[in-house]
Amino acid sequence: MKLSFSNDRLLAVMAHPDDAELLCAGTLARAKVDGASIAIAVMCGGDKGVGSGSATPQADIARVRQEEASAAAEVLGAQLFWVGARDGELFDSYEMRLKVVEIFRRFRPTLAIVHAMEDYHADHRAASQIAEAASWFAASRGHVTASPALEVPPALWFADTINMSGFQPQIYVEIAGQVAIKERMLSMHRSQLQRSDDKDFAPLAELMIRQCETRGAQAGVAAAEAFRPHNAFKRIGPF
Amino acid sequence: MKLSFSNDRLLAVMAHPDDAELLCAGTLARAKVDGASIAIAVMCGGDKGVGSGSATPQADIARVRQEEASAAAEVLGAQLFWVGARDGELFDSYEMRLKVVEIFRRFRPTLAIVHAMEDYHADHRAASQIAEAASWFAASRGHVTASPALEVPPALWFADTINMSGFQPQIYVEIAGQVAIKERMLSMHRSQLQRSDDKDFAPLAELMIRQCETRGAQAGVAAAEAFRPHNAFKRIGPF
Amino acid sequence: MKLSFSNDRLLAVMAHPDDAELLCAGTLARAKVDGASIAIAVMCGGDKGVGSGSATPQADIARVRQEEASAAAEVLGAQLFWVGARDGELFDSYEMRLKVVEIFRRFRPTLAIVHAMEDYHADHRAASQIAEAASWFAASRGHVTASPALEVPPALWFADTINMSGFQPQIYVEIAGQVAIKERMLSMHRSQLQRSDDKDFAPLAELMIRQCETRGAQAGVAAAEAFRPHNAFKRIGPF
Amino acid sequence: MKLSFSNDRLLAVMAHPDDAELLCAGTLARAKVDGASIAIAVMCGGDKGVGSGSATPQADIARVRQEEASAAAEVLGAQLFWVGARDGELFDSYEMRLKVVEIFRRFRPTLAIVHAMEDYHADHRAASQIAEAASWFAASRGHVTASPALEVPPALWFADTINMSGFQPQIYVEIAGQVAIKERMLSMHRSQLQRSDDKDFAPLAELMIRQCETRGAQAGVAAAEAFRPHNAFKRIGPF
Amino acid sequence: MKLSFSNDRLLAVMAHPDDAELLCAGTLARAKVDGASIAIAVMCGGDKGVGSGSATPQADIARVRQEEASAAAEVLGAQLFWVGARDGELFDSYEMRLKVVEIFRRFRPTLAIVHAMEDYHADHRAASQIAEAASWFAASRGHVTASPALEVPPALWFADTINMSGFQPQIYVEIAGQVAIKERMLSMHRSQLQRSDDKDFAPLAELMIRQCETRGAQAGVAAAEAFRPHNAFKRIGPF
Amino acid sequence: MKLSFSNDRLLAVMAHPDDAELLCAGTLARAKVDGASIAIAVMCGGDKGVGSGSATPQADIARVRQEEASAAAEVLGAQLFWVGARDGELFDSYEMRLKVVEIFRRFRPTLAIVHAMEDYHADHRAASQIAEAASWFAASRGHVTASPALEVPPALWFADTINMSGFQPQIYVEIAGQVAIKERMLSMHRSQLQRSDDKDFAPLAELMIRQCETRGAQAGVAAAEAFRPHNAFKRIGPF
């Protein structure tokens, strides 16, 4: 079976500037080849992700990481939405829901990819909660934002967790032809790659390769990304 | 086996004005026949649920929906508690907990029915969280409200989800004799039934009938409602 | 809420001669008070359950244990069905299914109580598999035994596990008034109670009391037994 | 997203002659439109499924039901494999595995659809176990049958349960255009449809329609079939 | 197998002053024997836990309970961190996270024990959420508190629930030699033990003994405490 | 925390000759360093695992694989039990249970490691079922074999699945110092390593390394093996 995204618009709502690269950029890139439109929304500024020997002053980190995320999105040919919450301070609220509702209404996705609720990082889970709520409210006229409501809510997939901890995938997307673009995107995040000798930091490129190779091996192909569709009313979009 | 509610007081804490009709009104009605006292608490005003061609000005919707909910509760012979939070803006907080604690203390339920945490709508989940917390605090003297504390917390059941998505029931209540009253109650929600040609709106009566017939078929009867008891200390009331 | 068994016929299909006492006899006894008819089917002869210092020759154990089970069933006022498979050698087969189908057809239960598939003992799991299959086939005319087919399959509950290991109950039945009868029934199993100083043997009476007190405490009463209804087509009998 | 089956070969391994119609024929038909090759393997002869007022002598039922299954397969344009085990007597064994391995090797599926292990009927579960084992052994040269081994094992999906009891779907396939063909296939099973006034028999056409409408409503379309991919090594084929 | 805590530092983050005694003090005591350092953080003041006939004025309860918790910690030889949130008003927030981050950084645990998210009390769940978030942020330099960041996040275990309701343990720690110290610690909580004739209050010592005996019996020893490691990136510390 | 196996006897009951190497040999080797005694039981002869270009005649494969398994066990310093069932033909039966009971009684393990029931291969699951049943019967005098019964049943852990598909670990054992011995053991299985250009065969050494590195990364160490303790009466040995 092959999933075609030719009539789709995919929006990944991720917590931090490099999460899409690690968890779903291969799928976004494959959808793009099919003719889909692609966007990434980054909820947090990455402002707490400073390396021990970083030359960048703390105050500048969020700006640097936004520029890196823009460069990565450009590699993919994706639109970038930058929400700008602070790392570690992201919580579900009506204000945050409306911000993401407006992103949904401007991009009008048919498929939203969000973090899994079992992911290891509190920001990932908060981003997931907000995006899940927004995926419904975006199609409800009563919630007023600058743009008009969607006709129908998008389908929603939960992305794999970092390092695959505790995640039970149900869908694997083959991405052997998209590993290279994932690596190029990741290489744009220079401030993160410089952290490679920090003890509190996993080497990103290696983690990313091992993860898509492992998911590939589980499905009998060279590389894959793994997801679980959201089993909720009108969000488990049919194939 | 037959469950008797003759010594019970049932309180359904639902998010929106017509959720009880869809998910548990048949069980409430059956309990009423046994001699139980019945109440419904509605957390949100339904103020965002406006149809595309609605003649009702947005500002009046909450008032209209409260009147409709009152009419529906009257059909059932149930007391109505109207909390009045705004749609989409319901979050767990100590203030909201105390409001619901006071409702518990005034009605003194032996069984509370709340939304399942796997339901599709963020308001349903927030209503469930608040009611679950309140179900314990209502029986704790340290949390002071106008009315005195309960002797013991009520048992608590999670209701089916809208359209049965992602819900694994553990208890089925036979309601073949109560389908008619569910329909009459639903017919009181005129502002919602007028929305039937909106694309973003499921036809309520049809959805309700299909759901109780499907649950019935699973249990070998004509109609049923489905629940899962809350497997928590003193909340999984024994039969 | 209170569950009435007044129009019911309860059949517990258990692996060994004293399993009903430990896991569901309180519920059977309560149903009997309501006016229900009660039966226990014992699948295995208990022929391997010999104590280290037992005076009973191995060859006689099964006979002794059947007599003890009869005495215990008499205490309860229950019919006893003795299947007579050998301990440790019970496997699902068409022959075993038909034997249990015939028991179902003779007793015509409205509720069958069987072991949980997560129980610790291979015989418990095999007994559960056979009884679950038989619960459907008993109502299917195509499977021919001496007695005519049932009109409808019985509802089916999974019983708690020994010592509550790994079992997630969904229904608690209050049995404070039935603990004494459980103890009297257990006292009929003299060959087992004599094993109390064997290292490989849990003291039964103590285990039984602790289990029904713990289940009671979880539900806010003095004593309870715990079950999980079988969430399968026509076997999750409605209340 | 749309799943294309244009390069696929789908094999449904079902327990009884009409199970494919109820659970996956819409998906098979949609795949056929894409250009896929389609087959149905029926494990049991349906020989116990006799109606109370049936004119067909018991001895002839299996033959009648095979003819009906052939007619239904013809409606779909599917190849039919008839295994011929007896109802209620199907168990996993090496002989049964090899029979199904040979079917896999003759048809060479890329996707196998089998019953869910949580289905209500012991035959469904046995058919699932046998087909799951065969899906691996078919690609292992060491297991010798008449036909040569597959290069790779097929992907494997678990089908919905009858009446959706206890099944948590992860994939929905939209089949609004295939409901009619499901109905035509079902109408070929005349011996079953005649049973409609038996108390022990659910009216098939109604059950089938309600199930695909409910699954459709959950996914926001008119009709759907629901599945769960098998999360096992090389059997969770990537999309 | 025997788990050695000789190189460890254990921090239990509990909601109320006596929760550690009930759920994990035996394990803390055993680790102490191995040479580990031990601390308990209490999130809420216990200010709502007033008995019906209490002589202590409500305003003094929190102070009394802090003194009792200090006495209990002294019995164990554990450091006590008193967070001082109000009962029933504990919610996840960045402020609360930073408070707990600072506790983590001052004590520098290698293993954190927190409440299970399935526990019965909203405060337990909020304490768990906050501590889980803090367990990661404590090792992230970007989150600034008075003390320097940890090198690596601690491993994290979820503790058993009160009365074992709804908790599936994966690790049992044998504590037969530590039951006495648990009882001595519990006896320090005089204000709670005086509540024993309140209807809304479980007798603590009895509950504690039954729980560690039951967990012991499940694992074949006289007494045990039960846990579930947190299956998340870098928090499921290897053995 | 560090798990010490100094007083233990570990028995891995695996389906095929190289499964222990892939899934648990690092843990066995670490236990050996602690002073534990180690054994591996291989249920199936590996007689179906013939490569496409193999020089070994089919009839000799089982003998070759037994020799390879012996050589690998020697590398580890482990006793080898060879059961000799045929690949694909392993099923739970009383005869197979007694064979494994006798192995348990001869080796007298305190910890048994068996396959997970969610593993991809029918032989793995059958080996797991048999070993789980035997783990209880080995300590029951009524089941007579050549050797006397154990005093208590061993604790039981389920091993990771091949390629980590669908397995949720609860315990990680750090094995950075044991990867080399895993590789040496694996290199003894020459007949399997020669199959590396078969399409139906995963390159074993690469799979093994990726798996223990991934499990290591999840737990924050260089290499680990993952397990889930069996949550059943007296089999979830306390730490």
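Lettered A, B, C, D, E and F in written order, each chain numbered from 1.
Methods note: a contact is a pair of C-beta atoms (placed from the backbone, for glycine too) under 8 Å apart; a residue touches a chain by one contact, two chains touch by 3 or more.
Since the structure is predicted, the reported quantities are computational estimates derived from the model, not experimental observations.
K.L.:
Among the remaining chains, which ones contact both chain C and chain E?
P.N.:
Joint contacts, listed by label: B, F.
K.L.:
Quickly list, by label, the chains bordering both chain B and chain F.
P.N.:
A, C, D, E
K.L.:
Match interface C-E to one of A-F, B-E or D-F, accepting only the pair for which over half of the contact pairs are the same residue numbers.
P.N.:
Interface equivalent to C-E: A-F.
K.L.:
Tell me which chain's centre, taken as the mean of its C-alpha atoms, is farthest from chain E.
P.N.:
D
K.L.:
Any idea if chain D and chain F meet via the same residues, over half in common, or different ones?
P.N.:
Homomeric contact, different residues on each side for the most part.
K.L.:
Please report how many Å separate the Cα centroid of chain C from that of chain F, as a whole number.
P.N.:
Whole-Å distance between the two chain centres: 35.
K.L.:
For chain A versus chain C, what separation do you get between their C-alpha means, in angstrom?
P.N.:
52
K.L.:
Among all residues of chain C, which ones touch two or more of the remaining chains?
P.N.:
Residues 152, 163, 165-166, 168, 218, 231, 233-234, 236 of chain C touch two or more partner chains.
K.L.:
Please list, in label order, each pair of chains that touches.
P.N.:
A-B, A-D, A-E, A-F, B-C, B-D, B-E, C-D, C-E, C-F, D-F, E-F
K.L.:
Per the contact definition, I'd like the list of chain C residues that touch chain D in the complex.
P.N.:
Going by the criterion above, the answer is residues 92-94, 97, 132-133, 136-137, 139-143, 149, 151-152, 231-236.
K.L.:
Going by the contact rule set out above, which residues of chain F touch chain A in the complex?
P.N.:
The touching residues are 163-166, 168, 202, 207, 210, 213-214, 217-218.
K.L.:
In the complex, go through chain E and note every residue touching chain F.
P.N.:
Residue positions touching the partner: 1-8, 110-111, 152-153, 155, 168-174, 216, 218-221, 224, 228-229, 231, 233-234, 236-239.
K.L.:
Can you list the residues on chain B that touch chain A in the complex?
P.N.:
47-50, 52, 58, 87-89, 91, 118-122, 161-163, 165-166, 199-200
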